[in-house]
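Labels run A, B and C following the written order; every chain starts at residue 1.
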């Protein structure tokens, strides 16, 4: 890259005039970066291409390179389980993002009211983020177990007709994923918002107070609009987590009952690794990548534009 | 943010009470699962009956922990999660060290030795933070096979290093961008070279970002499941995979207390790190996720 | 032999030319100041001299040796940065001796150099502190100490005083001047502060848009500016530029300044300062440059003026600075600033008789901004 750049040309042209030490210093940074760049090109971009190629073949147990065009994508579109997984992702992702945002913002605002023991509360809200999704899944599976968990506990309190058996209900199982995921990630969103709140210039709020605005109104009209960039990045991160969600499903519902709570990530894994459908699995992986890009590209675009203008 | 002169009216006091109630209820929501997990892991199996979710153990016992650590069945074998706990450590430590060192050097070269195209290279590498890993699983499996690293700890270390570099580079790059470049200019004039400037000038001020990066990488790799389940065999599994196998092993009676003890064991290292260095953990989360 | 020689240096950033054919040379022991507004290329030129940025074309020589393609380390140059750039993890002592250590100077010599420099700058008591424990002025001294310890061929100062408060800045300015006089070092000093430039320099290079507009002694640059920009940049308050019509003929040129609502002011141009360029401009509008001190109260400093023309403008604003008083007055289309003695008792709105010293006035072409006379 540097050899063709205009800025480097004179240096290259007169390279012979430079001392050995000078040449080495000029090349060392590039040498240091080279392995990482090579790794990135090979293992990220190369592998993406490779997966794309696999998705165009009829590979099953082992990769084969017999091309079938976009046949695997057509199969995917006709696959009932894929549609369940995709619909689940929209449901799960949408609810997960929305609830995390509302809960995170609410907790952040409440915590921002000069609360005693704020540090301790913050620690409590945020610790689930340190856990593995597998641990989260195992715990919530236990809590949601109708026979021994929350349902049994509430019934034990005398509410004999209380029902909370979503995890065994094919229509509701996907919502248990939402509960567990919100539990894990909402504290993190709270931390993002709290950092955003603390970053707001105090004098803006003081000015609004002098203008006679009430506290809720100050938040609604002045403070929350300032948090737009935080909302933006939170949505970005959360949807990213949602699309990648794999471990949580495996540990909490196993994709079940049946495949009622499958997500694309588990669909991909099941087909590529256990059901010997490498071609189909690859096609689903490419669609997941497409989903991530659909969120990422507008985000990066606006980020870059803001930075250029800012 | 509340006004400094607080009127102690009845309404204000009531609002304050509601505020604290809501915050405490939320704390309860977050704490409940951990509490249940801990309580259950200390109960003998006989005490686990419907409706006793929150009851404290009448005869607290560490037996479930012992069983989870040394005897519980994870799939076909019954040797507990202890051995996999050490697998995780054997994978995490080298992977964290290597990816942090590489990330530090990358961040340094990208910010303090800019050259034409270096920003482009950074953007190129940054993309690795965002891809869903499903898109690299199959080629990676085949490549590990070619390298003779299938189902080995070395293979998992390699995978974690490869896909961790994007994050570590991002962390260090964003940190070093804020370190005045004039420091490097001064050192160049003083006669120091690339590595010496890094070692003598940059590294001594990098403690915070090293801590953030190490914690981030540690949590990510310790908590990883996808790479673990895809690229390990029985004897090289990380603890998350073993935990999942343990919970899903369907032989004999469901021993929930053992499940919970195993989950606690898998969760403890990252929880301890979080409690000890929460500030850096949060900084990593926000820095790692917000932007490049 | 010149201590530093810059020949036809150009520097491009992409399509933007930051340095356009810059040439200059200074002798050993000279104090050169690069001055200009931000973005004029002075810092880029400084970095090029230091070797921190490669030049696109041209040649840089230090003590006769071509260093254009040498690394900063090979050039034997020391630099004092605007932000001081003290190594935060090192003590003051380590900061000062780092450059010597890199050059493999034996420990005993390093210690001696640190002591010498610390004495010189009166920072001996700070040697074991970290930069974060120092005040701004102390950091400044340490940064200078780090440069002085190495005894390089050329010192570069990049706006070294701009982060200090006003009082400290004046003190340090004096101190730098004393050091230079005492050590006879060769210094290139970048600043955007024209007072620093006037007080410190042996030689000033005024830069704009990547070019050196004028290279000369402070006196030349101040009293004999090559163009409107240099005239306006040097001096505070800056020179008054007044639109005037050139009248008369050779040996008797006059400048007519029309002020709306006032009688026109006619200023005779001193015969000995006539130039050939004036001949073709009869009847045209030119820009007359008068510094505030070229005005004086009728009775106060009259004796100084060779050609004093009296007029009585209305004073719109009176700004006492303590040492003297600045007056805003209506002259031509706009306002002009005059500097008068502190005893002047005029009030805003009143009229005051002033005299204009045409002996030091300058004339510019209003479109090309070049000097006419």
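We adopt the following convention: a contact is a pair of C-beta atoms (placed from the backbone, for glycine too) under 8 Å apart; a residue touches a chain by one contact, two chains touch by 3 or more.
Nothing here was measured: the structure is a model prediction, and the numbers come from that model.
Considering the contact criterion stated above, the chains in touch with chain A and with chain B alike are C. The interface carrying the most C-beta pairs in contact is the one between chains A-B.
Of all the chains, the one whose CA centre sits at the greatest distance from that of chain A is C.
Chain A and chain B, compared by their mean Cα positions, are separated by 15 Å.
With centres set at the average Cα position, the gap from chain B to chain C is 57 Å. For chain B, the set of residues that touch two or more other chains comprises 193. Chain contacts: chain C has residues 71, 73 touching two or more partner chains.
Multi-chain contact residues of chain A (touching two or more other chains) are listed as 7, 21, 25. Looking at the complex, you find that chain B touches chain A at residues 1-3, 19-20, 22-23, 26-27, 29-34, 36-37, 40, 48-54, 102, 105-106, 109-110, 113, 115-118, 120-121, 124-125, 127-128, 130-140, 142, 162-163, 165-166, 169, 193-195, 219, 222-226, 229-230, 240, 243-244, 247-248, 256, 259-260, 262-263, 266-267, 270-271, 273-275, 278, 281-282, 285-286, 289-291. If you check the complex, the residues on chain A that touch chain C are 6-7, 10-11, 14, 17-19, 21-22, 25. The residues of chain C lying in touch with chain B in their complex are 47, 50-52, 71-73, 77-79, 81-83, 85, 87-90, 98-99, 102-103, 146, 150.
Of all the residues in chain A, the ones that touch chain B in their complex are 1-2, 5, 7-8, 21, 24-25, 28-30, 32-33, 35-37, 39-41, 43-48, 50-51, 54, 63, 107, 110-115, 121, 123-136, 138-143, 147-150, 152-153, 155-157, 183, 187-188, 191-192, 195, 197, 202, 205, 209, 215, 233, 237, 240, 243-244, 246-247, 250-251, 254, 264-265, 268-269, 272-273, 278, 281-282, 284-286, 288-289, 291-292, 296, 303. Those residues of chain B that touch chain C in the complex are listed here as 180, 182-183, 185-193, 196, 200-201, 204-205.
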